[in-house]
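In the two complexes below, chain A is the common chain; its partner is chain B in one and chain C in the other.
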Partner chain A sequence: MRLEKCYICSSTVYPGHGIQFIRNDAKVFRFCRSKCRKTFHMKRNPRYLKWTKAYRKSHGKEMAVDSTFEFERKRQRIERYDRELVGKTIQAIQKVDAVRTKREKEYYKNRMKQAKKQSQKTAVRELEKGISLIEPDILRVNQAVKAKDAVQQSVAMLDEDRQANDS
Partner chain B sequence: MVTYNLKKIQLVPGAKDLIDIVLSKTQRKTPTVIHRHYAIARIRQFYMRKVKFAQQTFHDKLAQILEDFPQVDEIHPFYADLLNVLYDRDHYKLALGQVSKAKSLIDNLSKEYLRLLKYGDSLYRCKMLKRAAVGRMCTIVKRLASAFSYLEQVRQHMARLPSIDPHMRCLIIAGYPNVGKSSFMNLITRANVDVQPYPFTTKSLYVGHMDYKYLRWQVIDTPGILDKPLEERNTIEMQSITALAHLRAAVLFFLDPSEHCGYSWEQQMALLYSLEPLFVDKPVIVVCNKTDLSWSNAQRVEEELNALLDNQQEKKGTVSELETNNNKKQQRLTICGWRKMSTLEKTGVIQVRNAACDWLLSQRVESKVRGPRAQSILNRLHVAIPAGVDQNQQEAGELSLCRPFIPESVWKKRQATTTNTAFHTEEEMEREEEDENKQPKQSNVVVLEKDREMAHGGAGVYSSDWNKQYWMRDESWKYDIMPEIIQGHNIMDFVDADIDERLAALEEEEVAREAMMNVDNDEEEQQEGEQALDQETQQRLQRIREKKALLIRGRSKSRNPIGANKMTKAHPKRSEDWKQQWKELGMDESFLQSTTQQIISNRSQSREAKSHSPAPRSSSRSTSTYRWNQTKADAGKGFLNHQQKQKAMRLARKAIRGISKKDRRKGEADRTIYNENPKHLLAGKRKLGKTQRR
Partner chain C sequence: MIQIRTVLKVLDNSGPKTARCIGILGPPKKFATVGDKIVVTAEGKVYHGIVACCKVEKKRPDGSFVRIDQNGVILVDSSGKPVGNRVFGVLSSRVKQPEILSLGRVKTM
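For the complex of A and B:
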């Protein structure tokens, strides 16, 4: 009994779930659900389907290369059971898992950095370009006129003061 | 190697038939329409084609005949002689020669006429030339009539000849007529040769096949031979002679010591001697048939035949003696052996057959080994002998060069098991098991799982404990239950002898990485803090985005008034709404007042200027924006005036009220399903099919 990976979406297929297709060249294809099976029979490539692990990995959406992945690999040769070794392995699995999830999180964060920058950039541009929508030009003209008036008034007052002083 | 498919020769047509075939084929396969006014080149080409085609067809047919019939000089001498005996070699060669000559004549003739046709100056002349050419060809073929009829007869006879492979292992049965050759043949093969109690029942060669030592053998039954000079022999006898002369085979010479065949013993022996020249390099076995009858001269028979056997030994010993001998003929004849047999009682038949086959086989092998091909193979062969093998043993010819190695412990175990008997009762079994537990090393007895199962109630009741047999580093692990899955992983995929080191390496790497990341993170956070937008700016951005969304929705209304969203109001219609919005934007109250006044006054001026403006509007419309005025241009686009258009639109809007957006787009021609849930499909018992499909 072992957990298999779905051929299309790479999700884990638990015993008693999914379906497997054996081609007449004896290659075994396992599918987690009918969606994946149908996709396969429609001859679609999992690399070009956005919802599959293969797509996400090949397009850099998820961590694809890492030293934690090297711990898990299918053995063709059968190992003899060793109680101590299995005990150590079980503990190791948990540790490796923890490291992997941490790295995945960091990977995601790094990936999002660029997007954050981009969104900030667009926000600034939007503010510059769309300001007329919420604060119409006429309003700003009004305020500018007011400011101008105030300046002119103060200038006039200054002139008056100066004249008064001169006289 | 030449293969003799005498059965596959194609039918030889008569001369008349051949002419008919060729002429009709020429007519069918070449163009038939030609006119006087055609270009002369075309006319010439038309007739040349006909002549050429007729010649080609004749050529093909004759070539086919020549190819099918075997050439006497090329085939195996046995067949060549057989053809000579049966069909007369000269006649055969002459017929084929005639055919060949006719072929070349026809070829030359057509060449000549084609040359003439090149200079034909009219349709008529061309036609006459063609006629002459084809006519002459037919005449040539007509002269072959006798050759064709002869070849056809030969063909029919050949097809019925037995298919004898001259290179195969072969037994030839020969002897006087009526000595039991055919009945022997019937016994050892599945051939069904006619057997009758009179001489010359068999008039031609017969072939049967049999298996001996997993090999295929052919047995040839020959017609009886009489003792007379070769020139006087008839066709039937000559067939036998041909077979004896040319086939490399074992000869079974049949004798009838009881003389019931009608020929005396002396006559039969004389024949044997006279046939001697044919027996060179062939194993000859003399078979004395009809032991079921009384032999008057049994003594003499044995003596004479034994003398022949001795003869062979002498010959081996000294060659010079042989030449000096008076009765050369008698002395020269050597036989491999002689046997007694009765085809009636079926005694000694198989012995005769086996002896003949063995002699022939050994002779063939010998000749092969002497041949050049065998030598080239033998030169390359090397028989390796293991170093440990005793030289004496090898010389003694023992087959097993190497003894199997059996360890001491296995020997002992084997002996122990043979002395012990199997367990049968449960008590005995248990006792044994206890013994085993107490002193497992000392007891030699092996308790099999099968025995244990039988003792504990048989299959289905007792199940064997396989874990006991597991082979592990620690005995106590045998009954462990191994977990296979944890946290979505297969444990076996992670098992590794150096897991500890690898894990340690990973953790080290992780620590180093974390340190690096912390430095980077600090820098980034600072940068982010600088770039981040403050609360107020974010709110403004939010408002801009909402506004944009409203504008987009409003735009769709202007494009399609029917499909517009009533809730969107990007541009307020009423002046109150206008004012409200401007106030929200933070415009000065007094400025707002003045601006609206200005707009209204502007509009009233324009209205006054255009006295033909439409009839009074409702009070609510009177205060609406200048956008309204823009729609005035609609008058004239299929409507008399603006009001008419307004009315039409109002009615249109009213008509579609209460109809869903999707349905508004529907036309009369569109497909409709009137009843989406028909009762006859959805109600009642399910007998045939499913809910979805019946």
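For the complex of A and C:
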């Protein structure tokens, strides 16, 4: 049993799923579902489709270069069965997987740090650009606040006078 | 799904480039698929042929589907020997089985 990767979205193709397409030059393309097959026949490049793994990796959204990826490789020669070796391999797979997930999390964190700064920068730039649009509103709010303060002050003064007259 | 009047690409060097299906051999059926023997006409002559590849996907015993982007035929004589001595293009493993097509000295890609 061999788990293949989809040509378009790079998800795993389990046995009995999807479809295989063989081009005239004998190159084999595997697709996980009809969505991927149709995009291929519409001659779209998976690098420019935002929902594919290829896009995310080529645009720096996900970790693309790492030593943990080099463990997974297609072997042409079949290894002779050895129970101990299988046990060891399964343990190693888990270890490598844990390391990879940790590194991926770190990568995401670092990316998000820059993203926050970037979003703040763009917000400030937008505010500077469009300050003229909201200026009248700000002035109106300021005037209202000032008027309110003046009314409150005059009321307080009246109260003080009344108290002085009473005494 | 090769039926009568389907035009197929000839995948060997026997001469004609295309051939038109005019009959399906074997048990009576409407459509021929990969590995079936058919009767074709090409350049005014009648040949027998074996369907080498088919545009409609075929299910394999393990549940996977395989599809190829052309309808192709290999021309043979009435005894089942290939007419040409060279076969181009993709051949499925089913066609290469000796009971379907004995390629013998014919070169494949």
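Convention: the second predicted complex is superposed on the first by the 118 of 167 C-alpha atoms of A that agree within 3 Å, B and C clash if a C-alpha of one lies under 4 Å from a C-alpha of the other, contacts with A are read in each partner's own complex, and residues count from 1 in each chain.
One rule holds in what follows: a contact is a pair of C-beta atoms (placed from the backbone, for glycine too) under 8 Å apart; a residue touches a chain by one contact, two chains touch by 3 or more.
All values derive from a computational prediction rather than experimental measurement.
Here chain B and chain C are compared by how many residues of chain A each touches, and B touches more.
When the two complexes are overlaid on their common chain A, residue A:16 makes contact with chain C while staying clear of chain B. In the superposition on chain A, A:126 makes contact with chain B only, while chain C stays out of contact range.
Looking at the shared chain after the overlay, A:106 reaches chain B, while chain C stays out of its contact range.
Looking at the shared chain after the overlay, A:144 reaches neither chain B nor chain C.
Contacts of A:3 after superposition: chain B is touched, whereas chain C is not reached.
In the superposition on chain A, contact is made by A:67 with chain B only, not with chain C. Contact with chain C, but none with chain B, is seen for A:26 once the two complexes are overlaid on the shared chain.
For the contact definition in use here, the chain B contact set and the chain C contact set of chain A share no residue.
On chain A, the positions that touch chain C within their shared complex are 15-24, 26. Residues of chain C that touch chain A in their complex: 57, 62-70, 89-90, 109.
The residues of chain B lying in touch with chain A in their complex are 470-474, 477, 480, 482-497, 499-500, 502-503, 506-507, 509-510, 517, 524, 528, 531-533, 537, 540-541, 543-545, 547-548, 551, 582, 585-588, 591, 595.
Those residues of chain A that touch chain B in the complex are listed here as 1-3, 12, 67-68, 71-75, 79-83, 85-86, 88-90, 92-97, 99, 102, 106, 113, 116-117, 120, 123, 126-127, 130-131, 133-136, 138-139, 142, 146.
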